[in-house]
Amino acid sequence: MATVAVFGEILLRLAPQAGASLRRAVGLDIHVGGAEANVAVGLAQLGHAARVISTLPASALGEIARRRLAAEGIDLTHTGAGPGRMGLYFHEPAAGPRGGGVLYDRAGSAFALAQAAAYDPASALIGVRHLHISGISPAVSEAGAEATLAMVAAAREGGCTISFDGNFRASLWATSARNPRDVLVPLVAQADLIFGNHRDAALLLGRDLLGESPRAVALALFEAFPQCSLVASTRREVEQGGAQFVGARIDARDDFAEADEVGLPHIVERIGTGDAFATGVLHRWLEDPTDLGGAARAGVALMALKHAMPGDLPDFTPDDLYGAGADIQR
Amino acid sequence: MATVAVFGEILLRLAPQAGASLRRAVGLDIHVGGAEANVAVGLAQLGHAARVISTLPASALGEIARRRLAAEGIDLTHTGAGPGRMGLYFHEPAAGPRGGGVLYDRAGSAFALAQAAAYDPASALIGVRHLHISGISPAVSEAGAEATLAMVAAAREGGCTISFDGNFRASLWATSARNPRDVLVPLVAQADLIFGNHRDAALLLGRDLLGESPRAVALALFEAFPQCSLVASTRREVEQGGAQFVGARIDARDDFAEADEVGLPHIVERIGTGDAFATGVLHRWLEDPTDLGGAARAGVALMALKHAMPGDLPDFTPDDLYGAGADIQR
Amino acid sequence: MATVAVFGEILLRLAPQAGASLRRAVGLDIHVGGAEANVAVGLAQLGHAARVISTLPASALGEIARRRLAAEGIDLTHTGAGPGRMGLYFHEPAAGPRGGGVLYDRAGSAFALAQAAAYDPASALIGVRHLHISGISPAVSEAGAEATLAMVAAAREGGCTISFDGNFRASLWATSARNPRDVLVPLVAQADLIFGNHRDAALLLGRDLLGESPRAVALALFEAFPQCSLVASTRREVEQGGAQFVGARIDARDDFAEADEVGLPHIVERIGTGDAFATGVLHRWLEDPTDLGGAARAGVALMALKHAMPGDLPDFTPDDLYGAGADIQR
Amino acid sequence: MATVAVFGEILLRLAPQAGASLRRAVGLDIHVGGAEANVAVGLAQLGHAARVISTLPASALGEIARRRLAAEGIDLTHTGAGPGRMGLYFHEPAAGPRGGGVLYDRAGSAFALAQAAAYDPASALIGVRHLHISGISPAVSEAGAEATLAMVAAAREGGCTISFDGNFRASLWATSARNPRDVLVPLVAQADLIFGNHRDAALLLGRDLLGESPRAVALALFEAFPQCSLVASTRREVEQGGAQFVGARIDARDDFAEADEVGLPHIVERIGTGDAFATGVLHRWLEDPTDLGGAARAGVALMALKHAMPGDLPDFTPDDLYGAGADIQR
Amino acid sequence: MATVAVFGEILLRLAPQAGASLRRAVGLDIHVGGAEANVAVGLAQLGHAARVISTLPASALGEIARRRLAAEGIDLTHTGAGPGRMGLYFHEPAAGPRGGGVLYDRAGSAFALAQAAAYDPASALIGVRHLHISGISPAVSEAGAEATLAMVAAAREGGCTISFDGNFRASLWATSARNPRDVLVPLVAQADLIFGNHRDAALLLGRDLLGESPRAVALALFEAFPQCSLVASTRREVEQGGAQFVGARIDARDDFAEADEVGLPHIVERIGTGDAFATGVLHRWLEDPTDLGGAARAGVALMALKHAMPGDLPDFTPDDLYGAGADIQR
Amino acid sequence: MATVAVFGEILLRLAPQAGASLRRAVGLDIHVGGAEANVAVGLAQLGHAARVISTLPASALGEIARRRLAAEGIDLTHTGAGPGRMGLYFHEPAAGPRGGGVLYDRAGSAFALAQAAAYDPASALIGVRHLHISGISPAVSEAGAEATLAMVAAAREGGCTISFDGNFRASLWATSARNPRDVLVPLVAQADLIFGNHRDAALLLGRDLLGESPRAVALALFEAFPQCSLVASTRREVEQGGAQFVGARIDARDDFAEADEVGLPHIVERIGTGDAFATGVLHRWLEDPTDLGGAARAGVALMALKHAMPGDLPDFTPDDLYGAGADIQR
């Protein structure tokens, strides 16, 4: 097992209790999340030593986040306290044919305000074999983009491998004057592994990819980003009547593998399922970077399972990688 | 958007909390409902000004109903206080193959006791473009039937259009010596729009309709009720294995339209789904009385969505009419 | 309706509240269960007089069990208090593709410690027409095996018919030096009706049954156990995408019947579904021992319904035997 | 220990969950109560065999009541099913200086509709040593009054002793044309033990008792009711600042005893505290009719304890009679 | 009864569920509050027509606030939607000797961002007899101060009386470069009635008042603010051992009255108790401006009662003004 | 701040949810506790580095304990996994005059089964300045006693100071053939600081101390245990009417100090209050071993506060040591 670090914002999700929409809520459940923290927790549950590098406010809300990640065994030595609010998001639950929604309330958060100088990347990455980042941190603020770049540079310097998950957030970029592609390309250029769909790739490549095959998209990314050796992506199918299935593929420069589609009989959560995919892929890739098929299957297994788990953070065990059957164990 | 009024009884639903049957309940959730109020709330959520004309007891239970409807923006100026109890119903939740049930405890309610003279229909309908009623109010009591008739007469006088939803309640008529057909026909004779299924039509027409096509049933209703210009009805299909689908059709005198069947992957509620259909149809019909297909699709969209919403009252937004996709919005 | 007795351990299930795994639980729901008690409660709900013969600790936990069974109308005259703990099990809920689990904490329970001499079988079976036992009691402890044997002997003596449900619990036998087959065969030898699957039969017959037809297995059991006149078994099918179905068959020595498969659209519970099958079969068999098809259909109807009921104890009504439709009753 | 019977109505209390008033309630807890049932349950918890003679509706609501009393070990053989509703009451919780309230919704209940002929008093009282009734049953309906009278007559005939608890309910008598005194005097005339305060006595004696000493009141009752040998009453004191204390006295014809006042540091419930007093007094009186002081102290101990117990039904153990100290037991 | 308007920010309180501190919270209850809205709701409950003039975001969180105030019957015609977040505060519950706390998260709220021009004071005050404001709105932002000033000017112009509640919020002023006294004096100069304690008066008068009698403080305020005719203030006493009492006084220019101290046996909430005092005083003063004693007693009665009510908004009835006794009503 | 270690068993408390006794519980809240862990958590909250040395089972229940302590920032490096169950206790809540109770279900726990050889005391105490133990671990099992003795010996060897809290548990010793005094004296002989009351001292000294002054008891302990330099004890007073107060004293060999009594207006929890006292005393003593008065006051402040905190684990902040006032902070 490896020591892995992630860099990104930790959020509190506040979500109405079962059966209420947000505008009718009388109470809110608190979940701790954030795409990168979700991956760190998943990797810790699979046996890795996982570190979250971030900034939290020195408030009781910051402590909620800190306590829940500590309970998961996450190393928070390099998550310091800084000025600013706790990043929040409110969750509008899905209801049958209506997809849920997210109401961000994260402007002015301690993470968004934290300058690159607030971190000590070299020290934060001591002993770390792999760094995982996403496209959210650079979208959050200019300071966030600079801090991500510094973290990536230190990782490259220190010999860490790097993964990047697109996680495009239109609503964050909409409030920024910066051009997403300009900000993201220097980051992605350092990544060994890119998680992303057509939309992420189109953004990074600056051109329309409509109708291009997954293989063509992957090859275009490989061309644009010479450091990159793997591209991982998922697909979702919805049958008439509502039954859903997820599958995945992983492309290397001269190979690829697909994972069979898995049914999702009863979805309780969509958030964090992409992070679960990244978790499974990274886990297998850290074990054996040549087993593309195994990485795709591990990613899909965790992704399907996460659909049945409320909240942002996963709740995996190593057995989940191998799809323990549906029989009750007693 | 139009100003719409409904006339009918407001009920409190008391239902066991998740996972318990009624006889094992340790607590009860309180929902506010009633077929006509459900329609008023749905129309208000779609942007209409909605008024509920009714009678509530001057008790804390009556205030529960009054507060929840006020929170939905309903105009309650013409819902007065009268002697009698709060109408209640207890809900036996469905469980897998076992359909749920309703235990009415509404005898002696303030609405049932309210005489026609307790209302001032002309004043209650000032500014109103459309009045919606159902077959429940006349079933509740003789006074209820008389008050409904007076309301319908005032609506006709005042130039309102009128819709009638059958909503046949066998258990209410069973305790009455009155003949349902005798009571209902004079009401339906004033309606421009009839919501009803085969059973409702058979009752109104006084003959068996077994095996007759939906078109034939609609034409028979048009013949019997010259004022009526539209008949709207739904259909439900259950596949082997349990998957359910709903569809609908709307018949005009010389035209008709059908809405495609929509899957119901996970049903949490059956109550109020017919009212959601009426809401969607009325909404589109008030916008454009010639768009039969649009009305049918709007009705089915809301009906399918309501199956995922616990409680009687809907929780719609205008986007729901156009079936916003299942993707999470962030 | 008949007077029926069961002999076996009563357990408390402690299960995380909705949406949490056991390791993240902040609270636990308390359910009362135990395979034999589940059958007794189901039979009581169908109209039989049902008696549970068991031992509970004289503690508040023992009282929880006693109170819930008394609420179901169970006769507990012959469930005494004895030294030892309350038998517990913790429930790891299922989550999508991950089957749930059971963490037994029942060693040293009052039932496990109760010697055969703690019971007065002859007196406990006065007025009883049928005794139901399972393979759990003999697995719990040597004392449990001896007490079961004494109970069975008294039943045979007193003219009761006897049913045996295999319910093999690997984790219990794993902590015992005793050979399950040696212990179980003398018990099963007294049974008129055996509930069991391939695994149970293989254990009892002491040989591999892989690939043998259900009929062949039943005939082998009939040969080995001359007292036995009926063998009842269930089958479960899982379609790609996750849809599940259950069916059943009942074999007599010269006849058999099958029940059609029933879909399980949304499973909330697996525990107690086998007990529900036994309940339905026993109910119909006590009414008419020749109606094999009716018994199989009653068993499957209750088994399918139990999948929608959280907790161990069933919540049946006589209507459930005939599959009351999915329409809401009002 | 004795076999005791009570006759009276069983009610469901529906009460807002903590921190809400009734008009703001979103859910209701269900408690089972009724003054006489409360006494029966308390006596059962102290070791007596207790029987409730009553009528319940044949509905799921009636079953709620039946199940909870069965869980307490109450003998319900003589509580039959009859036409009518379940008697309900809604509870407006107290809030600091504001006393709580009760909103009765019990008109038309199965108990109120049950005619005297619905009961078989002689059979219901077989083996019973003592019968407890209250002034509520005769207030509920004329049929209730007649049935109470028949029950009292059978008790007298059968050699049972009889106790009567005034429990004056102004709101019930307010809806009746009958004169309370005319109805109650024939009942009280059969009682050996009267529980009541100044108001109850004034009603029974038909004159103002303002300013008369407790002893004088008791002597007046003894004079008016020759069968009566004991009068038990409680007193409550509220200090400035809100601290409350309760005490009690018991008068015999030629003796009396008082119990010291007990503090009530944190009151969670007022309902059922009078029934708890009756329980303690009856318990000790059944053990030793001459120990007036012991009966008064037992009554006050249980009354004080009940103030800390939410809901109508008590939750006593025999230790509570002797005021087990405030130390935690471990 | 009068038509009353308040101007001020509406907040959502998010508070841990019972028994948890904020940093350990797993869920949060949602309450709607804000000092001025609390007063409006209280006055509405006492029978006045109450209007809240404010700005809310056009989000689901803004709708939560809007719905709850509509349920209370508040006129929200002049509470518009504006850009910005929903003002939040997180509540750290009190625990025995530890006072609770408030973690404001209201910077950038729609109310704080709303410029004076966003309101139409003349139109908002049509038909209004009295306007209530507090020192919070000018502290929130410069725009808030300007809007308050415009509102006060329009009220004076329109012949409304005006009340001002100090409600000094150190944490809000701490983030502002503005001098509180400079901002507040022009507002207070328009007030007919000032609610405030020593600290509020010292701030407004710009000098230390330590040791000065309440009468002297009131006279100093009268001298500084010629429009002011009444000064109302509360006092709180805590006995050794923890028992608390509240009292109040009201000073006119040539008269004063005091209300007796009232005990607070079990405090569940401190927030909103000052608003409850203002509610009671305003209510009586609007009825009869000369009854100083009645106003003081009404204020204290509601203040004491509010200590027993969780959440910001009161839950009063007119009976509460006269201290309905602690007896349960049935 | 110091690095502190504790050695002792970690337990799960399972307690009925508010308002229910154990026998009526439908659910149980899970708290993590254990006298020594409670002290470690308290010290961590005050700023110390705290380590728990213990043994947990390798089950989901063990993980519950592990996760909650990790969330509190406890170092669990030396809490290993071992065979055996999770130690449980069920909590019977107090109710007014009735003290609560504890139903232990901890026999056969992983801690009780762990042999001394399962620990590496020298390594576990590296960097530790102080070790805290209690009389519970030696009571749990002979292995527990041996492991405690080894831990104490290593602490003495390594130069740690040692504190011992009596925490006599009659129910544990009752199941053991060992003599408590024989077991405890060698442990206490190594302690620098003894927490204990009269009962603890009498047990350790082997003689009746009835009527002896606290000073005399302390001097007797000093004489018997030459290593001991401080004895700390608490006292509790209950006024008529129920008001409670706590105070404390600390004796040195030639000095002593007392802390004033503090009122406990509303007690929600008794468990863990002694541990809170130890926490406050140790905290101040580690800062300044000569400030007896400060240590006593800190102990009483935390003890009083803990009475308002549900659950075993404290929830302190450094401010709590200085009794932050009852005013709400905003």
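Read from first to last, the chains carry the letters A, B, C, D, E and F; within each, the first residue is number 1.
Just so it is clear, a contact is a pair of C-beta atoms (placed from the backbone, for glycine too) under 8 Å apart; a residue touches a chain by one contact, two chains touch by 3 or more.
What you see is a predicted model; the values in this text were computed from it and never measured.
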Shortest path length from chain C to chain F (each step joins two touching chains) = 1
Label-sorted list of chains bordering both chain B and chain F is A, C, D, E
Compute the centre of every chain as the mean of its C-alpha atoms, then state which one is farthest from the centre of chain C.
-> E
Look at all chain centres (mean of CA atoms) and spot the one farthest from the centre of chain B.
-> F
The chain pair with the larger count of contacting C-beta pairs, comparing B-D against B-E, is B-D
Same or different, please, for the chain D to chain F contact, judged on whether over half of the interface numbers appear on both copies.
-> different
In whole angstrom, what separates the CA-based centres of chain E and chain F?
-> 45
Chain E: positions in contact with at least two other chains | 18, 21, 23-24, 26, 67, 92, 243, 266
Chain pairs that touch, by label, are A-B, A-C, A-E, A-F, B-C, B-D, B-E, C-D, C-F, D-E, D-F, E-F
In the complex of these two chains, what residues of chain E are touching chain D?
-> 18, 243, 245, 262-266, 268, 301, 304-305, 307-311, 315, 320, 323-330
Within the complex, which stretch of chain D touches chain C?
-> 67-68, 70-73
In the complex, chain C touches chain A at residues 18-19, 21, 23-24, 89, 92, 94-102, 104, 169, 171, 238, 240-243, 266, 270-271
Given the complex with chain E, which residues does chain A contribute to the contact?
-> 14, 17, 21-30, 59-61, 63-64, 67, 85-86, 90, 92, 103, 105, 107-108
